[in-house]
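Let me begin by handing over the structure; questions about it come next.
Chain lettering (A, B, C and D) follows the sequence in which the chains are written, and residue indices restart at 1 in each chain.
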Amino acid sequence: ACASASAEEPAAAAAEGKHLTIAYSAPNAGWPYIAAWIGAFEAAAAEDPDVDVVVLSAEGDVAQQAADFDTLIAQGVDVILVCSLDGDAIVPSLKAASEAGIPVLAVSNEPSEDGQQYIVGYSGPDDYVQGKIAADLMAKALDNKGNIVIIEGTPGQSTTNLRNQGFMDQMEEKGYDFTILAQQTANWDPVQAKAVMEDFITAYGDQIDGVFSQDDNTAAAAGEVVRDAGLKMAIVGTGGSKNGTQAIRDGLIYGTMDQSPTTDAEQALKFAKMIANGEELPERRNIIPMPEITAENADQFPGEW
Amino acid sequence: MNESNIKKPNAVASFFRNLSGQTIWMVFAVLVITISLMEPKFISSSNILNVLRQVSIVGLISLGMTVVLIGGNFDLSTGAILTLAAVVSVNIGPENGPLTALAIIIPLLLGVFVGLLNGLLVGLLKANSIIVTVGTQFMVAGATLIYTGGQHVWVWSPTQFYEAISGGYLMGIPNPIFIFLILTVITQIILKRTSFGRYVYALGNNDDASRLMGIKTNLIRMSTYVFSGFTAAAAGILLASRVKNLDPTIGLGYEFQALTAVVLGGTKTSGGEGRIYNTLAGVLTLGIISNSMTLLNISYNLQLLIRGLILLTAVAIDAKRNQSVAR
Amino acid sequence: MKNIIQKSLQSGFVTFLKNQKVLAILIPLLILVSTQSNKFWSLYNLQGLWVIIAMDGIMLVGMVMVMLTAGLDLSIGAIMSLAGVICVYLMNELGLPMWAGILGGILVGALGGAMNGLFITAFKINPFIATLGTMITFEGLAMTITDGYPVVNKVLIFSEIGRGKLGIIPIPAIILAMIFTAGVIFLHYTETGRSIYAIGGNEEAAHASGIRVKRVKFITYTICGLTAGISGVILASRLSTGSPIVGSDSALNVITAAMLGGISMSGGVGTLEGAFLGVLTMGVLSNSFNMMNIQAYYQQVIKGILLLVVIVIDRVSANSRKKALERTRGKNQA
Amino acid sequence: MENNGKPILQMENINKYFPGVHALRGVSFTVLPGEVHALVGENGAGKSTLIKILAGIHHPDSGQIIWNDQPVSFQTPFEAWNSGIATIHQELMVVPQLSVAENIFLGRLPRTSANLIDHKEMYRKAQDILDHLDINLDAHELVGNLPIAMQQMVEIAKALSFDTQLIVMDEPTSALSQHEIDILFDRIKRIREQGKSVIFITHKLDEVFYLADRVTVLRDGSSVGTQDIHELTKDKLVRMMVDRDIRVGTLHAQRKPGKKILEVQNITIDGLFYDISFDLHEGEILGLAGLVGSGRSDVVSALFGIRKIEEGQILVNGKRARFHGPQDAIAAHIGFVPENRKEEGLLMRMSVLENLVMPSTPATSRKGLLNSAVESRIADEFIEKLSIQTPSKWQFIGNLSGGNQQKVILARWLNISPKILIIDEPTRGIDVGARSEIHKLLRSYAEDGVGIIMISSEMEEVLSISDRIVVLRDGRVAASLNSDQATQETIVSYALGVTK
């Protein structure tokens, strides 16, 4: 009885155009991108007196994110924005929300196919596309062929899996002649990235032409190792963070692609309000623009996180 | 094997005999030989230096962890201390001389302070050290996040000195290795050659008996935590200097790596027993495992399996060899 | 059977509550959250809360037994993910019936636990390091089986285990109640259960008194793995996914909860009932933080402080109890 | 004694090696039905090792055990108990966290028909056993809350509650007071009457002559021989044990006690002891007598700064002493040998040397650095002087026999050049040879001017070496006697509070 009562509330609230409570289920508020995202989100929401926001962080724990969802459903918020830790594991939670009548907009990280039926749509960057863009950048830098090593994020995470897949698929589709010499994890940790890069250099030396590092921090870290070893490699990162764009300007890495948490968060908030007011989203998948960044245009991208 | 771990006088000769009696050094030697056969690049001098540099951060934490463990306690807050120290160090912005000094001194003081807090709580309350240090870990990690707002911190143009902490060389050897090895030797001297070190062992053996012999057990216990806080903070500075751009959760989990190395080195979790040189071997063993896996490009999944099995084998051998010793 | 439990609960209930220092957090917390959030007591929230508590609570049963022998199991998180992966894998990739998948997952958990027990008893490896080793190994196994990708469940009814309800009670909570009851009976009313306390209290004495220490320890680790397996299957059902990377914090969470609830790391001290209050408190804590919309960073700091507060309360009262116990002489003359 | 000739137990040619120690060298011995068989020998002779083999804790490296005509080899204590051999070990083997009843029935708790433990039955039966033994204890009490003596009685109750043919007791009386010892001996005699056998290990020769039918003597891991008690005298037995002459007798002061070094004035800790006063002079041995639990240990713990006194004062050398902890007492040259060696004395996994020099570390070290040359010399000197038997000064102290451990602890305090030495139960569990050495040692240090306070539960010990005796009862001074006034009867009557 309780569940249905709370489910009816938001509809009523929306109809009167009154106060909205928009919730964000974050994977881990300690991750810089997410932290920046939350900052931008809260700032944007603060400008609108009719919007309250609730932010819950799952602290990197899949089970906690499911619990967070239950909490949000119990609170009877109007819209849930979710950046899922795991695109598969989130599906039951999406289902529960949809059964409770709370609309969910996936942001920053997309749920798997099974989950699509329970969400209103998606807004944010696209990890898979980022992998593709990275392959394109690499191809540009290496003239379509060369030996490559990959420094992955945490194994098993969908971000890692998608960026890998995007890179490989693009390589195939565009017929880039890359040879993957080795692929190892750095768990998103620049310290580990340095160790991995050092070991790659020990193992392959100047055979390596390019490095695909799955985020900017590890890319920059790898860049420093390459520089210190007196070698030259084309390093491609992901994310367009302050550190990444600076590394491009410093000549440490070749390129990355922008992923702005502000754009991401503001678009998410805008869509959330639209959803609450019963409006249609422009597209089902609303990918934010992710322009390539290289030395040529790095000055236009100071980085936000 | 059943003699005490005190260093006997006239040690140089017995040093190597001593080492050969330590399981972890044997495991280490076997691994080194096996890996060298599989991948000759492994024993190149540059790779050796790489490994040493890579382990120096975890190695530093392990030193403090060993001392705390010998005293009969745990310190699970070191990962959080390391993170706090690294973040604060970078955030101070060591871009000129005085700032560089601050970026080194303040994090160390913070580490010492958290260590003091740990020591006070564990000692005065006689509370279980695991739960206490998990408590301080939460507090320190949370405080670090609040301090940074969850954002990256970085320093674009640190002074040469700051860069050199982890990037420089002394006589062709990277500085972090020097820092780590010197602190290892100092820790060894503290543990084996000073009365403080002896009291730490006594404490871990039998708290009550130690007190009855006039040892100020609370003070000693607190000092072990201060030392651990110090080494964790030192590791944080090393890390900060190595990447200069960090996210505020970067070091969480390092405490488990260090703990693994320490226990792999034969230090008893029940206290009273342990040797710093074996911790060194534990640190190196973990270091060469991940180094060689990368060199051989073994997939991460398989790495985990192999690492787990090596760990289990090593401790199983150690346990078997120790079995004749009375409880 | 019911009778026994009822009586033992009644007789010691008041003393039991008096001994639970963690209530000093739980009760104020409940009052606070009741005044701050009208949703906390909503059925929906309570249901969600109990599901979370159930998964840690089930593992707690095994962990408490291990901890009572002065042991420790760091591998339960890895066992959880391995069991979940295997369970979903059996059903979806091999097309086995649901019961086989569930049984498979639980068995894998028990097997993992047995492996821990073997290393700890036969090879005499310190439990801390042994389970650290198996933890890494199990993680590697789960990753190898799935190649790092989650295995998705397609068997619809399977989700009911984790998400279904019997009346208004979530099924995981019912499973918890059954396992918890079994655990309490086991610890109080069986020879092996009492032996667990004896071993933790004085292993040498237990051995010399003819208790088969190795056997009992082996059993506790196997049970611990089993409970982790059950939790893993429930989580897999709840997420409809066998993910190789869940549960990384489980061991520390459950151990912390057990200690909050009065289980001593050095063995022999504490009860399952008390430990359960620890899990309850941890669950209510994060739930009510969320209900009160406290920022994640501050949540961590508050959690840390509260942990320390419990320790302080516990020590202060333990000290006064010890003094009272000690100073009995001369009182009858005076 | 009816000797039907057919032994129930034969241990033949047992050999046992520990690292660096050949603990048993081909020991053989037999136990007949219905006999009390005493096993005696110096510390480290191998008595405990032998019975641990019988109990399934250790495994012999060679040799055979024949139990009831069957060759057996107990792999675990479980098998030994199940075969009908109950053992009380030298170290307390109780589980402090469990109740008295659970300790008594550990490993064989009474069950209901549903195969669950029957708690009610267990407590009822346990209470029965305790009452029957005249042990004034509540079966529900946690063993950890009991004084050591009571814990030992729980162990005895446990062994006696078994329906076994053989009960093995390794120094069961070392922690007991006379009342409990009487109960125990009465039991043992009854067991013998039932045709069951007892192996009894003790260092107190009176007990041997009071109880035993036959005696087997071990020396250095070998069996010296087995004799009928009637064929033995004390002197003869001692000579078998130590192979040298030992003077057992009183050791009183040769010189007049010097000036007062310690004045205890009306000290009180509420609930522990009240209004305690006495003096200690240079060169004097002051015996503190009393029943177990009379508060002797608590009084000396206050003298050593472990507990804070609430009223009264302590003067050392005429000056008021305020000890905030043992370190202050040690700084005032007071040494303290605690009664529970294992819990409060030993650093088990540290070497003999480290255990020995620990409290003098501040004195021998310079600027915090250890001086290993000096320490080595000290260790060698004391190992020699107190004839501590150890393979080397680097041996873990945990591997030494109890007597040798006690000597190391004594040496630890002798090395701080004490002015006052407090010894709580100096010879608990220590053999005649070592005991007389320790007594001589105490006396010779007293002759050098050290004031010694000694607590002992053995009347003989108190009487034989004390110059003065303070008797405590229920935390109060009941009497202060000169050694020439004191007899066993006077002390006991003061301790019990029976007026004559």
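Methods note: a contact is a pair of C-beta atoms (placed from the backbone, for glycine too) under 8 Å apart; a residue touches a chain by one contact, two chains touch by 3 or more.
Here's who's who by UniProt: B, C = Monosaccharide ABC transporter membrane protein (CUT2 family); D = Monosaccharide ABC transporter ATP-binding protein (CUT2 family).
In this text the structure is predicted, and so the values were computed from the model without any measurement.
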Shared chain contacts [chain A and chain D, defined touch]: B, C
Chain at maximum distance from chain C, centres defined as averaged CA atoms: D
Centre distance in Å when chain A and chain B are each reduced to the mean of their C-alpha atoms: 34
Distance between the centres, which are taken as Cα means, of chain D and chain C, whole angstrom: 43
Sites on chain D at which at least two other chains make contact: none
For chain C, residues contacting two or more additional chains: 143, 148, 204, 296-297
Two or more partner chains touched - positions in chain B: 145, 150, 300-301, 327
Chain pairs that touch, as defined at the top of this document: A-B, A-C, B-C, B-D, C-D
Residue numbers on chain D that touch chain C, as the complex places them: 55, 57, 76-78, 80-82, 87, 89, 91-98, 102, 106-109, 111, 114-117, 119, 145, 158, 269-274, 293, 295, 474-476
Residues of chain D that touch chain B when the two form their complex: 18-20, 304, 306, 325-327, 329-331, 336, 338, 343-351, 353-354, 358-359, 361-362, 365, 368-370, 372-373, 376, 392, 394-396, 398-399, 412
Residues on chain C engaged by chain B in the complex (per definition of touch): 119, 123-126, 128-130, 132-141, 143-144, 147-148, 204, 252, 255-256, 259-260, 264-265, 296-305, 307-308, 311-312, 314-315
Chain B residues within the chain C interface of the complex: 121, 125-128, 130-132, 134-143, 145-146, 150, 256, 259-260, 263-264, 268-269, 300-309, 311-312, 315-316, 319-320, 322-323, 327
Residues of chain B defined as touching chain D within the complex: 1-4, 6, 8-9, 192-196, 198-199, 201-202, 205-206, 208-216, 272-273, 324-327
